[in-house]
Structures are given as structure tokens and as C-alpha cells.
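Below is one structure. I have some questions about it.
In this document, chain identifiers A, B, C and D correspond to the written order of the chains, with residue numbering beginning at 1 in each.
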Amino acid sequence: MELPKGKHNEPVVRVQNLAIAYETHGGDVNAVRDVSFEIHRGETLGLVGESGCGKSTVAYGLVNYLGRNGKIVHGEIIFQGESLVGRSPEELRRLRGDQIAMVYQDPMTSLNPVLRVGQQMTEVLTVHRGISEDAARARCVEMLHRVYMPDPEAVMGRYPHQISGGQQQRVVIAMALLNNPALLVMDEPTTALDVTVEAAVLDLIADLRRDFDTAILFISHNLGVVARVSSRVGVMYAGEMVEQAPVREIFAHPRHPYTQGLMRCVPRLGADKAGSVLYPIRGRVPAPNHLPPGCVFEPRCDYATEHCRQERPALRQISNRHMVSCLRAEHIRASEWRPTEDIIPLLPAADAAEPETILNVDGLRTYYRQSGGSPLDLIGLGKKRYVRAVDGVSFTIPQGKTLGVVGESGCGKSTLIKTLIGLEPMTGGEAQFLGFDLEKKASQRDMGLIRELQMVFQNPDATMNPSYSVGTQIERPLRRFKVVPTNQVHAEVVRLLRAVKLDEHYYDRRPRQLSGGEKQRVGIARAFAGRPDLVLCDEPVSALDVSVQAAVLNLLLEIQREQGTTMIFIAHDLSVVRFFSDYVAVMYLGQIVEIGPAEAIYAPPYHPYTESLLAAVPIPDPSVAQQHIRLEGSVPSPLNPPSGCRFHTRCPRRQLLPDGGAICEREVPPMQDAGDGHQIHCHIPLETLHDLEPVVTIAA
Amino acid sequence: MITFLLRRAFYLILTLFAVSIGIFAMSEIAPGNIAINSLGNTITPAQEASFNAQNGLDQPAVTRYIRWMIGSDWRAAGLIGYPVRQIYEADLNRWSWWGALPDGTLFQNYTDDGENMIRVERLADGSTRDVPLGPEVWKTDAEGFPVFWGVDREGRAAMWVRGDDNEAWTLGKSTWRSSKGAPRAYIPLQKGLLRGDPGVSFFTRRPVAETLVPRLMNTLLLAGIAFVVVMPLALALGMLAGLNEGRFLDRLLSISSLVATATPEFASGVFLILIFSTWLKWLPGAVVVTSDTAIFERPQMLVLPIITLTLIELGYVLRITRASMVEVMRTNYIRTATLKGLPQWRIVTKHALRNALMAPITVIILHVNWLIGGIVVVETLFGFPGLGRYVMEAALFKDVFAIEAATMVLVVIAVGTQLVADLIYTYINPRIRYT
Amino acid sequence: MLVKDYMTRHPIMVEPGRRVVDAQRLMAESKVGHLPVVADGKRLLGMVSRAALSLRPEQLEGLSFWDLTDYMARLTVGRVMTPLSDIHTISPSSTLEEAADLMIAGHVTALPVVEDGGVVVGIITQTDLLVELRNLLGAIEPGWRVVVRMPDIQGEFGKVMQVITARGWGVMAMGCVRSPRRAELWDVVLKVRYCERDELVAELKKIPGQEIIDIRETTSYTQ
Amino acid sequence: MAVIEQPATLTAPARPSVWGRIAAVLALLGRSRVAIAGLILVGFWVVLAIFADDCIIRPACWVGGGSDGTVVSTPWLARYSPFEQFRGRNLEGPSADHWLGTDRNGRDLWARIVQGSRIILVLAPISVLIALAIGGTLGLIAGYFGGQIDELLMRVLDALMAFPQILLYLIIIAALGPSAVNVVLAITIAGAPGIARLVRSLTLDIKTRDYVAAAQTRGESPWYIMFVEILPNARGPIIIDAMLRVGYAVFAIGTLGFLGLGLPPPSPDWGSIVNTGRKFIQAGHPWDALWASLSIASLVVGLNLLADGLSEELGRYR
């Protein structure tokens, strides 16, 4: 419990009716309108919202860094009692980096590649405080200690590309804190990081807020992340603040229809497709220059009335510290919400009989040749080194089921499915699919095999060829696989478009005219055009906003149910994988460490790696209790994987074994069968693993 | 990093080698005829054949390439039985080849009748004396002919056949001269490019190196001054334009640099001559070299050529630097630097400069090729006696050894600067240094 | 109980070049009574208080309205502040008692907290000390506030604690001080929880030689 | 720097016609003053080249003739035949009769300059097109297949690029003799490696896109992927580069002409006009050199302005 201070409650920063516009060819675009909030010492205000909602614009507006075409139209930013609007560039410069600091989304590009970490850090001090280089260095090293940087002295002498992404973000955070700023603005600081690294950085941010009593503006699109670090949360939509409340309050009792909609879009950890449903928000975020006349959310709102169409609501207080901008806030209850008819996905029917195995992978290996840097390599005599991207993976999938694959980036999950589909050459092992051998590359495969094995890609902006219309791109597989007679191709394309909830007007559209979600739908239509038996999904929803993500997941489920398709589904979001998959495989450094039915993976016994992944997942519910297990260090190089159990260098549970798990370094862990196809590769006995406490406990 | 540079150096050498073959092949397939070029188009076939044989032009291309690259003296020495040596004859102001007896005496051979070989021995004071040789010098070769290998009076390794009454044609001061008892085959002696001997020019009949070097010096002077003038100026102006992106200064610099790069040297040269020489009469419109030191005595002659040469480079480098600067100023790390509250000058000098220089430096160096093109044009336009004009003349004359030597020099310069660029690049880009 | 736990971090500060009128407005709007005057990089130069910013007639050249406006427009914080040489500063790792001592000695109501050679990290005021006092005496915890007067004998205090712990009650806060005007006795203030008033009184009365001076139920006034 | 994402324009016609696309490109160009200036300069020369005389309606011109001095065409914009010699009127300055003056042989300079534009505007684009075809294909192959093929191709092209271009021109022309075909050949050989490099780097980038992987998973042939999936998406930078290269080609043709390696006389190639004209500068007759220099400079500057404006506008909407 925190002791009340009892006095002096003026906020560090107070924003009043802030409006920011960008000048474009077509006139000014109002990116942010009438946003107000305040942040006190030691408080974190989390700003959430989908992309294009103006979150980052608020952040950069706060530090008055809007580029040449951006301007503050009206409103006030009061920082430490004084207005920031209209200050001279020199005054602003003195505040930046001293009283106001920033942490950015992408740490790699935010650090200067040609200067050492030390040079970049010390200059903050030497410029603002005018202290000597040596004194500055000492303080920087101390600050790196504070952010739990291993070996700070050495890091000071390194270049940014020589340290890992998580460490880069720690450097950026340490740099921001050097001058003990009163306000810290963090723009998606963990978005580019892996879930385990993200958890560590979020812990760090919470620690630092306590120690430094800094006011933090924390921006993220991820509800789970915001729930973990914020004391209050503001929800932004189309450039407006639609709701603001303390973190527990807003997650327990969201009042604005948009906030409620967002929460219905994300699967709760532990929810699965049999027992729960995702409800996407219909429509899309309006462009800032095509706003509806009334409430900005009205076109997508289930509660909208004529009144909402005419009057734009202002943010108003509806209870102690809870503010919302909805005309009908008092009348709507989240619990009484019923989905409109057309977005209820039909649940998959229960299994009638034991399905046959469709894909059988045994000891699959994919190595990449790594060219070394020695002079011998120049003439091709160097020692051959291999990146073991996938190293002995075995599993089977029954017909019509979904296997989810999870793991940190670099664990080999993408390489696995690229090998299966023939984009990467297989180094060893076997993969049998419908009697076909998957050994050859895609270009040499039999057309029948190609037709039955398709893929849905991650990046919506790259999944479609920008040079051709939607129709042309869906037609291509139809013609190539001769799915339907040539004269029916057009009709079939229209049917496929309808199947992915796009109407036939989309036939002639160009990819640049589509939103991310629509592009992803077209990608799905293209993959399913040949009615394949197995579809590999490489993070199909991770680049999408949550409301679109829900819609795409529902769509995939629906098509899968209709066509009885088998899927392999890769995602880094453990909640999504749990929701979507029947079976889950957890990969680490090219190997499967645990595999089994989805519900079994998410409850003890766990593999220690699975356990730490689960502990790291940001859960969009502050009332959920989560164990604090953090992995140390970073993933070792797949060029030279650790001996024995590959996870032994980071395993937090080794102590459970006699002599601190010496066996883990020597011997490859045995496969232990926990029943029902649940396999764990670990030296720790199943019973011990079984007795571990569940990582996540959801309050009843 | 060392590996990286080693790799680059390896490829550069490979490139040089490929280029040398390329040029050789190119001059090989060319339909022109050196004999006609150097002797005029009234020669008889016999005269042409004789000329070709004397100059080794009757040999297959591969043989000639090898001779040119690694020399022919070692091969000739094997046939003659004595080593051959090149000496400088100060009184005649020329280089010539002699055979060397074991006691160090230098000799050449000739015969008037195809029967009695005569050895001309060179004495210490430069005079010669004839020593007749006995019939035992004739050796039977693989095909059964009695032959003798020696060095002829022109300094070529030559093969006489006993009793042969071969006729050789040589062009004297103004008339053709035919001599009897001439050798049947020749190997023109040269040390080869790898040992620093690029051969003898067909045009001037002088060693290529002798004429090439002063030309090269002149050109290096011209290009060097141009480079020293243009680089700092262009980089500075480019940075200035990039920092003021979109403002008037930027527009002015961008447009004028575009006009400067887009105008061919001969056109801008004509404009400059018209303005500064014909109209204002400030500067001479041509370079007249009367002596070796003329350039230093009237340095104003160099002003217009240098300006002409620099205009294109100036504009080009300026544009590249500007684009690079604009790009760098938009990066996230410059945003970080700004939001760290650093003063503008510090952002520019510490954060932007090194990054912004990376692109121009590599591109500038690659652009040395263009500079060479410019040199040819500028030297032609202003009558400047440099390497560019030398190449031009050699190419028009089909003077193979001269072209090859000059080309190799130019390619070595082009390729060498690339190596320098790599060094600079690795110095300013730490990412390369550690990978 | 260290300064760093009770000070206000990130205090509002002014630069010496600011006009006095601006500083006055800043103090009024943000409801603070002291402003550290800092140079670039938050290095302490001096302090100003509301009193220092008020007009001093002897410094004025005339009393006409225009003179006054002109004077105020030119007057900067740097000219009216109490310079660094005349003020006390404290480090964040000092104790609150040291802070109190400095304030009493210097007749000031606030101290700038500095570290690393003069960089301001916070400010501690009398109010902060009062907050500590309040919390020390448990004013924010609900329960019975009882004052027991006891003789200055070894073990007397233990008796009280024994009685309370024996019943399983909790002591939320306490303070000991020599009784006012009676130096041979001690007053002990206790905040006791989980008990009834009558029971508490009955138990304490059993201790010989001690007397209950005051007992009342208190709750927090401020949050 | 925050950038507002432009909303997809849903009102745009779904399938624009060819003219619609041309109009769109022109509209894009219209936004940039730089591009307009370039368009005017280039357009001026193109119009002159086309309407110099009635050649476009007189097939006799196409099969040759004219170069020997016989008049086969009726002048429109050119006023006189470029080969007609006006006796006694050599080395004159500009006059009402001969707008730009006459050359040493008494030929009308205006007519020769106009005729020269025709030569250069045919040769330059042709050589660039050929270089594009060769270099583009090599670049696609190197970029798409990678590995040993890439290594080998790029080494060869690097060697070609390390070679000073002017030497390439000199050697090729010196070897093969000055003619239009050889000029085109020389420029093609000199230009192809650069294009190959550009296309290769674009290919390396584009081949990592998911739609290429999608095509591969459909089992498409490498050639289909290269030319149908990859090439169309590289067109923007290629077009801009090609436009710059036409400028370089004009530049190079002029330089060759100036060095006496261009088209054989009496062909009115601009470079040769400067070359012969420069001897008369000191003699007080700068007109030949001046007009021809101005012409070539304005054309190359125009092409560069056009490419510059276009790339800037494209970059803004990327």
C-alpha cells in the first residue's frame, strides 16, 4: 500500500483540448481532436487504440515534435505549471532529454549505428548538465546497472548492432532516465520485442516508475501490455479520447461501446474456440478527413441512435475518475450485449470418429549454410557451418485439426512450415502428407501435391502483388490447378470473395485500395481457392489490429469447418494460439520441447520453457494473477546450439534436479508422455512438473 | 574486417585481370590493321606480312597476350641460350635489347647471306665490333632445319634459317628498305606488364612507358586539382542543401547542380571558353604546352579545364550528398538525437555527418570512371597534353600496347580508388568493421 | 524515514532569467510556496519563496504605475532569489530529522534536495515533515489512539506491549516523548487495532504505575 | 515523424484505361514544377525532331537518302535541308534568313541542329531499351536465383563497371568504326551493367515479399515469377532510371560525336557540330559550337529534370 502524500497534487503534465493537424495536399487533416488528460508523479497513463487512432500523434505532440507539416491547432499542454505550446525551439530543446524524455518503438533504428552506446548516452549528460566526460560515463554505467544491463562497462563500448534488441531497448530507457525526467513518453516500447523480453522490459518500467516517481505516458495497441503497466488507461479512437479510467475499473467495467468491443475481440488466455467466441467490431476506423458528423464511433456502434448520428459527444465524468464520451453511457451494459446475427461463428461440431492422420513429420531438419568470414571461405575452403533452424522435429496432425506452433522469434517455427511447403530445402528427416513425400522444393513438386498444400502469409501489405487486381490474383490458382472449367472461373472467384465476406465489387480493386484486413481476406481466398487439405498459416493475424484480427480468425475457423481443412497455425500470441488450435507445439531453438492437446499445454505439467512463456504473456485483465518467472539472457545462436538440453542455459527450473541439473548440460532430455499425446522433453520428472503451480490463476 | 578487405582486394585483382583480357580481346577482334595504320595504305602484302612478323603480330592472340603480360625475354633466352638484357643507350636516347654472354658482353647478331652469322659485340664505350661466328652455331630444330636463334640488330629475338634468303621490309626515314638474309621468325622482346614493361608503341616507336608517364603526370595534376577543389565544396554544399530541404537555398543548389551534371563537358567547356576567353578575355581558352614547365609558368591556362572538369562532378556529388543528408535527417536516430535535446549543430556534426557521408563516398569513388571520361573530353577540347588525349590518339591509331598500357593505368586508378573507398567506408561504418 | 521517501520529486523549477511576475503566476497556479532556481540541467542556483517575490518598496525608484510596471517587467528571478550560498540543501539519503533540524536552524519552510554536485532531484517542505508525523502517529489507520503516561523506568514500555500482544491486538503506530513539563515521565502514543475500547481500557488499567491520559477513535482526514 | 496514412481512394475507377493512366501520370507530373520544366524542354526537341520536315509522311526518308545531299523532303520547321550548301554564305552569324547562322560549308545551322535532334532522339532511347532488355534480364536472373549464378554474373558486371566507360566507347568505336549501330552497341554495353545492378537489387528486395512466396507455393516456374510477379513491381524505379539513362545516352552520343567517334560526316550530329565548330570560336564564329552545345545541354537537362520531378512525386506517394 502506498502512503498518501496528502499535498501538492498538481499533475506533471496536463493536456487540455489538444487538437493536432497535418497539412497535406488536400488541406489540413485533423489527426487528434480535443484530447484532454493529466498525468501525476509516479503515475502511468496507458493510451490504447487501434492503428491510426492518433496515439503516437499525441505522444509526439506532447514533445512538440510533429515534423514540418504537423501543427497544434488549439489546446494547451501544461508541463510543470507552464505551457509548452508556443515555446521557442531553444526552450523546448532544453526541456527535451532533461525534463521530458522519450522511449521509442524500434530501438535498433532509434540508436545511431555509427556511434558507440557510451557516446550516445554520455552526450545527454554533457550537453544538458555540462559535466565532464568521465563523470557522465560513471553515471551512465550506474544507470545501465539500474536497468539490469549485464556488463554495463562493456556495453558502453559497443555499437548498437552488437547488442540484442532487448538490450537496445534497455539502453534507450536508461538514456531517457539519465537526467531524471519528470515526464517519460513511451511509444510502443515493447512492440518490436519477443514476449519474454517484453515481460522483462515491462517489469523494468514498473520498477523505474516506482523509483523515479516519473509520470509516464505509455502508448500501446496491446491491451495486455497496458493492463500490466498502467495505473490509468485512456482509450483513443479516430483521434479522440473516448474513455479514461483507472486500470482495474476500465477492464472490469468498460463503459464506451468501443472499449467493450476491443475487449470482446481478444481471446482470453485459456479460452478456446469450443467454449468462447470472438466478436469483431464491424467496419473500420474512419479516415481523419472523412469523419461522421456525430459520434465518431456511431457507424460501428451497436447502440447508436439518431441522437448519436447528430451530436458529437464530449468526454464527461460519469463516476469517480471514470470518464467516457458516449451519449448513452448510462444506458448500456456490457453484460447485456448480444451479438448481431451475422457475426456469430458456428462452432465446430464435436468429433464423430477418430480422424486419420494427414501429415506425419519425422525428424525433420533444415539447416542453412552460413558463409564464414575467414580468407579460406573466399575460395570455398572454409569450414562449413550450419544454422540449425529446424533440428529434428516430429509430429502428426489428424485430418481437420489445427496444430498451433509457438516460440520466440528465431525458434524455427517459420522455417518449419516453409520447409513443409517447399520454400526451403529439407536437410534431413521425413515428412509424409497424403502419401506424398515433402522432400522436394515447391517448383519440383507434383501439381496434385501443390494444390493440396497452401499457405496464408503474415504481412497483409506483402501478401498481394500490388500490380494486379484482386480478381486476377484469385483467378491464378483456379486456372493453374484447373479447379473449375475456364468459363466458370469468374463465378468461382466471386463465390470465393463472398466466402471471405467481400462482395464482388472487390473483383476489380487494386491491393492499394484495400485495408490490411481485406488484403488478408484475399490472401485467404487465394490460399483456399484450390480447396487444399492442409493450409499453413504463418502468423496470419499478428500484423492486424485486434478488431480485424478477430474477424480474420473467425473467417479461418468458418472455412476450416466448411472444408474440413487441416491447419498449422503459427503465432507468437499464446492466447490466440490457444483459442485457435486443437494441438499446440512449443518450439525452442529448432526443436519441439512440448507438444500435445491445447488444453494440456496450458496447464501443469509444463515444460519449464512453456511455463516461462505463459508467465510472460501480457493478459488484458489486471485481476488475473500471473506467476513471476523471467528468462535470463537471450536465445543462443542456432549456429552453435547448447549441448544436452538446448534450454539449459536459461532454464529457471534446473534447480529442481539434483546437483543443479548437471545432467541437462550433458544429455538430451528424454521424451516423457503425460498421456493423451502430451509429450514433454525434459529431465525433470513428470510428477515434479505436475506439482508446479499454474502460472495463470484467473480470479473466480 | 581484414577479411573483408582481403576479399575486396582479391576481387579487384580478379577484375584487373579480366579487364586486361577484355581489352586485349577487344583490340583483337577489331577489324582495323596496325600495319596499314602505321605504314600507310599503299603497302604491298609482302611488306605487311613482314611487318607483322617483325612485330610478333603473326602469332596467335594467346601467345601475344602471354608475351605482353609476363614478357617474352625468358622464352627468347631459352632459345638463344644466353640471357637477354635491356639497356639504355644514352647517345641514341633509346632503350634496346641485347643478348648477354657469360662474361657480361652484350651482343646482337646479323647475317648478310644466310650462311655466316655475325655477332656484334657492344663495347664499354658504346661502340661495337663485329665477330664472325663459325658454321657450328647452326642447330637443327625439331623439323630438321638448321636454325640459329639470336638477337637481331633491332633488338628482337630472331630465328635465322641456314641458307635462307628471306627478305624483310623495313620502313626507313621515308622509303622502304628491303634487306636480304633476314630472320624467318621473330620474338619481339619485352619484360611484360607484370614486370613494368608495357611494350613499345607502334606509333611513336618508343617504349610506351616513356611517353605515358609525363602524360599521366599532367593528367594527375589536372584531376588532382579538380578533385581537391570539388570534393570539399560539393560535400559542404550538399550538406547545406540537405539540411535546408525544401527551402530556397536547397532549390537553388539542387537545380543548378542538376544543370551542372546534365551538361556534357564539351558543351560546358564551350560556354566557359565563350564567356571567359572570347568575351571577357580573362583566361586563355586553350592549353599550349611549349616546355615541361609551361603549366607551372602559366597556371591560369589550367583554370578553364579544371572548372569544366569539376562542374559535372560538383553537381553530381552535391546531389548525392544532399539526398543522403535528407534521408539521414529523416531517420529515427536523428529523431532520438533531437528529442534528447541536443543542439542542432551537434546533431548535424556528431549524428548526421558520418551517416550521411557513407553513401556519397562509395558513389563518388565509383564515379571516378566518369571523371576519366571527362578528362578525355576536356583534354581534347583544351588541347591539354594528358593521358586522356593519349588514349584517344592510341585508340584511333589502334596502337595496341599504348591503349593497353593507358587503359591498365586508368583501370588501376579506378579500381584502386574503389579499394580506398572500401577503406574509408569500413572506417566510417562500424557495422562492417565487426562482421 | 529518509528524505528521498518523503520529498516531492520533479518539483516545479524556474530559470534565473524568468521574470518575477511569471514566477509568481507559476507559484499561484501550481499551489507551491517555493521554487528552486536552476540553470540548464537542473543545477541549483538558489531558491525563491513567495515572500521573496513580493515587492519591496525600498527597491523601487518611484511609485507611479508606469514605474512599477516597468520595474516588474524587468525584474528577474535571478535578482530576487536567495543565492546558493545562503541556503541549506539536503541530500536524498539524509534522514528526516536532519531535514527538520536544517529547517529549524535556517528558519525556512522548504529545502531543495540535491545530489551529484548540485542537481535538484526534489524538494522537501514542512508539509512533508508533517505528513511523516501524521503517518508516524498512525493518523491514517483506523483504530484506537491511546496515550499512556508512564514513569521513566526500564521495562515499563514492555509491560504495555505485553498486555496488547497477549490479547492478539495489533499496534499500528507508536511514538514516545517525554511528557510535557514533567521530564520524569514518558507519554507513549499507541494506535491499537482489532479491539474494543472498553476491553483496551480495562487491560491497560491493570498495569500499575501507568495512567491512560487520552483515548479516542481516529480516522484519516486527508487522503 | 508522424505521417498520416492516406485513405484508399475508393472512388477511383476500378480498371483505368490506358489513356486514364497516361492522364494520371501527367497529372502527377503536373504537380511538380521541376517535371513541367523538363517536359517542356524535352517536348520542344521531340516536336522539332518529328516535324522538322515532312519525313513522317514521306517514306523515302525512312529508307535513307538525304545524307548524300539530295533533297528528298520538304522542310517544315527546319526551313532548309541540313545538307544544302549556300555558296558564299559560309560562317555567317544569325540572320533573318538563317536563324542560327551557317557553318563552314554554308549549311543552315538551324536545319542541322534540328536534324541532329532527330538522330539523337532515335539513337538514345533505342540504346537504352536494348540495355534495359539485356541488363534487366541479367539482373532478374542474378537477383532471383542468387548463389553461384549471382556471384558469377555480378563479378563480370562489376569488372565491366570498373572499366571507365569512355574507354569502352573508345575501344569499341575504334575497333568497329564509327557508325550509328556501333554507337548504340557501345552505349548498350556500357549501360547494361548498371541496369542489371539496379534490377538485381530491386529483385532481391521484391523476392522476399509474400506474394512471391505464394507464387512459389503454387509451383510457378521461375520465369513466370521473375517476369510476371517481380518485374511489374520494379517498374517505378526502372522507369526513372531509364529516363536518366536516356539523358546519359544523349550525353554519351554527344561526347562520342565530339571526339570524332560518332556518326560519320556530313551527318549533323550535335557532338560533331561542336567538334568542327570549336575551331572557329577563336576566329570569331562561335555559333556552331554554341548552338549545338546549348541544344545538347538543354535536352539532357530536360530529361534529368523530368526524371527528378517524377521520382520526387512517386516517392511522395509511396
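Here is the rule we use: a contact is a pair of C-beta atoms (placed from the backbone, for glycine too) under 8 Å apart; a residue touches a chain by one contact, two chains touch by 3 or more.
The shown structure was predicted, so the numbers you read here are calculated from the model rather than taken from an experiment.
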Chains contacting each of chain B and chain D, listed by label: A
Rounded Å distance, chain A centre to chain C centre (Cα mean): 47
Interchain centroid distance [CA atoms averaged], chain C/chain D, Å: 82
For chain A paired with chain B, centre-to-centre distance based on mean C-alpha positions, whole Å: 60
Rounded Å distance, chain B centre to chain C centre (Cα mean): 87
For chain A, residues contacting two or more additional chains: 94, 98, 128
Junction residues of chain C, two or more chains touched: none
Set of chain B residues in contact with two or more other chains: 335
Pairs of chains satisfying the touch condition: A-B, A-C, A-D, B-D
Touching residues on chain D, where the partner in the complex is chain A: 1-10, 12, 14-15, 31, 209-211, 213-214, 216-222, 229, 232-233
Residue ranges of chain C touching chain A (in the complex, touch as defined): 8-10, 12-13, 26, 29-32, 40-43, 116-117, 119, 121, 127-128, 131, 134-135, 140, 222-223
Chain A partner contacts - residues on chain B that touch it in the complex: 3-4, 6-7, 10, 246, 331-333, 335-343, 346, 350-351, 354-355, 428-431, 434-435
Chain A - residues contacting chain C, complex: 3-8, 10, 12, 41-42, 80-82, 94, 98-99, 125, 128-131, 139, 179-182, 212-215
Chain D - residues contacting chain B, complex: 1, 34, 155-156, 158-159, 161-167, 170-177, 247, 251, 254-255, 258-260, 271, 274-275, 278, 281-282, 286, 289-290, 292-294, 296-297, 300-301, 303-305, 308
